[in-house]
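Some structures are shown below for you to check.
The following pair of complexes shares a single chain, chain A, combined with chain B in the former and chain C in the latter.
For the complex of A and B:
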């Protein structure tokens, strides 16, 4: 028997939980993370769990995910195994500085600092907030506004840990940094993760984020990442989402970039029950460039919603957005892409494209470009297509002896190619191609060596 | 090799082919000519297995097998090759992957081992020379950014790689300048053998100067209205199609 719980009840349930957990949250956390909790929670209560009536969450229903009973993981998990032993990332040629986060907590036995250039910090946010309170306080919560999004508010209210990356002035980290987010709990779990990346002037870094679930429990993961990119700095931020169909995940990434800086994000969603990716880039310095890409593969009843906002606050900048979705079976997808060009942000080039391939009659895609342009000397464009496999191309391949199934795979790979080729770390690109190939063949595309061969 | 009996084909309820009869023996070259809209390309596409056509009557046997029961890929593996009139561009599918997959699917079908990357590149180099195919083109996506002539050369290049028993050249001459035409014809002729047959679908006699047919058929309003030797092509070139049309009024 199912019980309908309305939005207010769910919000109140969380309110009750927050009151109970408040002392626990506060007792172990550094001051700068405790300070905003109360207000953040009020902001959450004021907004409530978004419903489809909320303009920004129109296409994604978070109610069922919030209606489940979860165990909240407010304390560092006590684990009697080494995540590195049960989980090894199967990207052999990918030489990275690798760290693991377990249920949103930075894993204590990570030891990546050895190979990193002097002055770089990569570690637990909680630890960093104690060791470098001024540095963290300066940026913590500076981009992720609790009044603008209830999930950000809830994250800020409950945040305990996550990763913190600090790259000092003019330091270039050649080897990519890889962060593996593992979800592994004994029961259904609500996970909060809070991350912060600070790239000082002239810094260069590539980040690879891999999201995985390691067992079949229901997870609701709410993560917030703030990325500050100072002048002449460059950040590449790749996300690979590979979670099972009982998981729900809201990932909010906020980026602010200054003069002559570059940022590239590429979000590749291979598996997941419900995924909502919020991405906001504020281009706050001249001659800067933001490239924002996304590729999603969906089947069964999966749902992926990419919600992007590019804010052009300064003149002479460029932004490109390209998101593609392949939707099979009864899956659904959404893309909302906002370009906001502020009044004085002249001489802007801002492009946006969203292409979607529907493989069945039951798949659903909703796409919504939003352009708000207050300057008068700008070039902005947007385009969205929803279509099927090109029958002419399919026949051409079959007429050369290629099996229909294989020909379809080739065409889907080709569709994704435009996004995947933007991945500049070659072994990662090869690996992603391989994962996509397996994903499209219906083989399990999670890392082989994972001990949990969950069929999900 | 190929036997077509009373083939009737329609698309979206409109009848295009209206009782085609054609016998092709091993080693023969048949030219199918005719004015625009007579059904030439439809015939070529039906033979290759394009699915949007409805076969309302008749039968096609190829090497003793009912062709109409075979998928396009099975037809290809059994040796039917269509050189497309308008080869489609497929951005994102690299030429090399496409060609290697096609060649190895053919080999698998014949029970042969797939070619290694090295063996395949060697084969490709050899066949490229035949049609003077630019190496740069095989580094692109399938037909992407190819000129009209390059697309047609690419078709013959694929034909050379796949070694078909029955090649169907659909307006392979259209859009070709005289040098490209010679190159393409040279490629086709080099692949001829006593076991292989060719159907040349064309509007003009020009190509037939280079690929000399044994039989010429004129298609008009979905029927073969005239069949003769290669001299028929010259007659058509000289007189145009009007006299055919006149003969077939009512």
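For the complex of A and C:
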């Protein structure tokens, strides 16, 4: 019972906060972001902060994260901040169009982006909503339903800024776009980030998202990203999560694809106290393909939950899902993957696989692969394994004179590489691979390149 | 295609052959549920005092519970006050010999192909026949008694072995385990009880046959099987019901307790009336089945062939408490027309070196929905445990659904859990291959479906396997995906 009471208390606390902040939120925001606020908040109240009793959050308890007192960042942060000094991207030879988001806000001092093709917009969502209200209004909130997820509802109610990327018809951006999300506040902070990506017909773009925390305060980050991919367009979306152990992060990504489009997502979680990644891909056009990958390394008491849904609404499409977890110490991992083939969406190939390695007796893995199939001419399968390194493979290597520790490392590396090789940006792939190798060898036990050598 | 449509049409037109109703004089109590009704049932059955407490406790807990809504089922609201909770064939409830059994009743069981007459008996199956949740006849009792095996109706067990029942009832399925189990615990009228003493290998298959006959009643029976150390028993269960336009509720509980090195094999062929082709009528089948492997190296094996019921909600489970214990679940679930099934298993690994196997084969046709839902949970202490699960779905038609909802939770590093699931239809190439060799489309499909389900059918005792195979053929020969 106490959980229920707590939940009501927390929800009420947020309700109180929302009433106080409502005017502030509304005053600075463009009309189209203000419109859905009220209803979104009602939807949030109706659902409450999810408990483990709600099926979609069965394996992730958000209560402790919400129970802390946070400072809400409803205004553009005024922090004296030189990105070059406190943070630099440490991937060598990675040539990208780079922008920084600070605490969910598009950082105004971002250096102007040179070399982006004509017509491409990359910038603040708030600014875009003023400049191109029709374009943004058409898509804002079109995928992220506030009735379906309380965190999406809360995000919509509190959203102020994030990034907006618009790639016009038949424009191909060769250099990847890199978005760095930094969390840096004076006190424990609740961060809301709302992003929108629109790829017009024939557009092609690669996005790299990097999540970092820059000090040791507690953060609760709730971000929602909507990605619309029109006909013949192609979007690659890589996320690298590297936050400290006191941070909690809920990322919801919604993707809709039209005919002949192509999407690849790859979510690599290297660090984070509590990470929940929601990913929903609606394949709403024929001959489209979605590839969804994820790799997670966990130790201490970290918790990572990948929650994916692939909706096949149209025939002749293909989807692949591959998620892998390596769990060490007392960490816990969760995976929920749903393939939903709607009626009359025939000729679908949909595959899903989830493999997990448990390295200790205190680690816990929970997985929930699901198939909901309502069309008959389909090939759908899922497989899930939880276990250890294959003893036979280990024996094979040892029989060839490789010592056990080394052999184990090789096998774990190979285990991870199946996901990593799907990263199509070479310098990034090499760097991730290197980080993972180090991580497996136990050489880095903290967020890499973190200035604070904390032991959190 | 035309051929396929025709065959599919034939399948949809086929009628349920056990849908007759027998005019037996039946004693039915008033509709409705309250403490008074529970007391009436208790009095009518002349049960020991602890049972009243057990029933009332369950009822009070049930009142506070809500009907579960997590299953992938559309369950129309059920009015629990519009059901009569006790219906029994009138006449002497106990029979010394077959001559005393109501000839109508005998006729019923003969029609169903249930051998109550011992001399005509097949290869030694002892039957406990339950009609409208009251046990009417148990065969071969004396033969079994020689070995010390107790096999009788639940009511009889409560009279003659109250201590045994008291010791084990609710051990696998606590009274408030879930909504339907609580309801059953409150109002169950009869069922079967079976006790296999230490070191005894039961010489024949034991069988319970359930039949709903009366209208507007629910059937709530309870089966309790206790296998003492080093014993073995194979238990069969079958069921049918008349065709009616209204839905009838069936909420049963089966509990199995296996002590050290005991083995219990439980097989079900469920063929309740599934409703007509428009989805009218049919049985709502909400069943809680659970076995506890209490002793080390014990084994519980569930095999089920589910072809009936309008709605099936059933998860035969194993709690693997003893070290080295083994749980198995083999299932074929077939849905047609408007049937809905949400069925699967739970394997809870608590003991060391425990092993479990799950093989589930779903077949959906018509506009039905067929879901597998299962949990494999390996607790931190269950080191070196092993599970393998395989859930396949076969779709016959483009209006039906096949769904898989496994839950896997592993809490230690030495256990290995594997799960795989596939969904597909019968390939045109497979049919073509058979056609080329002179096998008609209809036969080809029967062959393919049979082959698909064989892995599970092989686990059934022989007589049952034949019946199950026939059932599948009746429903499926010729359906082309």
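One rule holds for everything that comes next: the second predicted complex is superposed on the first by the 418 of 456 C-alpha atoms of A that agree within 3 Å, B and C clash if a C-alpha of one lies under 4 Å from a C-alpha of the other, contacts with A are read in each partner's own complex, and residues count from 1 in each chain.
Following the convention adopted for this analysis, contacts are C-beta pairs under 8 Å (C-beta built on N, C-alpha and C of every residue); 3 or more make two chains touch, one makes a residue touch a chain.
Everything numeric in this text was worked out from a predicted model, so none of it was measured.
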Exercise for the section: Figure out whether A:114 sits in contact with chain B (first) or chain C (second), or with both, or with neither. Expected result: neither
Exercise for the section: Could you tell me if A:370 is touching chain B, chain C, both of them or neither one (first, second, both, neither)? Expected result: second
Exercise for the section: Would you sort A:23 into first (chain B), second (chain C), both or neither based on which partner it touches? Expected result: neither
Practice task
State whether A:415 touches chain B only (first), chain C only (second), both chains, or neither.
Solution key: first
Problem - Between chain B and chain C, more extensive residue contact with chain A - result: C
Exercise for the section: Could you tell me if A:381 is touching chain B, chain C, both of them or neither one (first, second, both, neither)? Expected result: second
Handout entry: First, second, both or neither for A:404, with chain B first and chain C second
Key = first
Handout entry: Interface residues of chain A shared between complexes with chain B and chain C
Key = none
Problem - chain A - residues contacting chain C, complex - result: 55, 343-344, 346, 356, 358-388
Problem - chain A-facing residues of chain B, complex - result: 48-51, 71-73, 75-77, 81-82, 84, 87-88, 90-93, 97-98, 101-102, 105-106, 109, 141-142, 158, 162
Fill in the blank from the handout: Seen from chain A, its contact residues with chain B in the complex are 390, 392-393, 395-404, 406-407, 410-411, 413-418
Fill in the blank from the handout: Within their complex, chain C touches chain A through residues 70, 72, 380, 383, 393, 395-425, 481
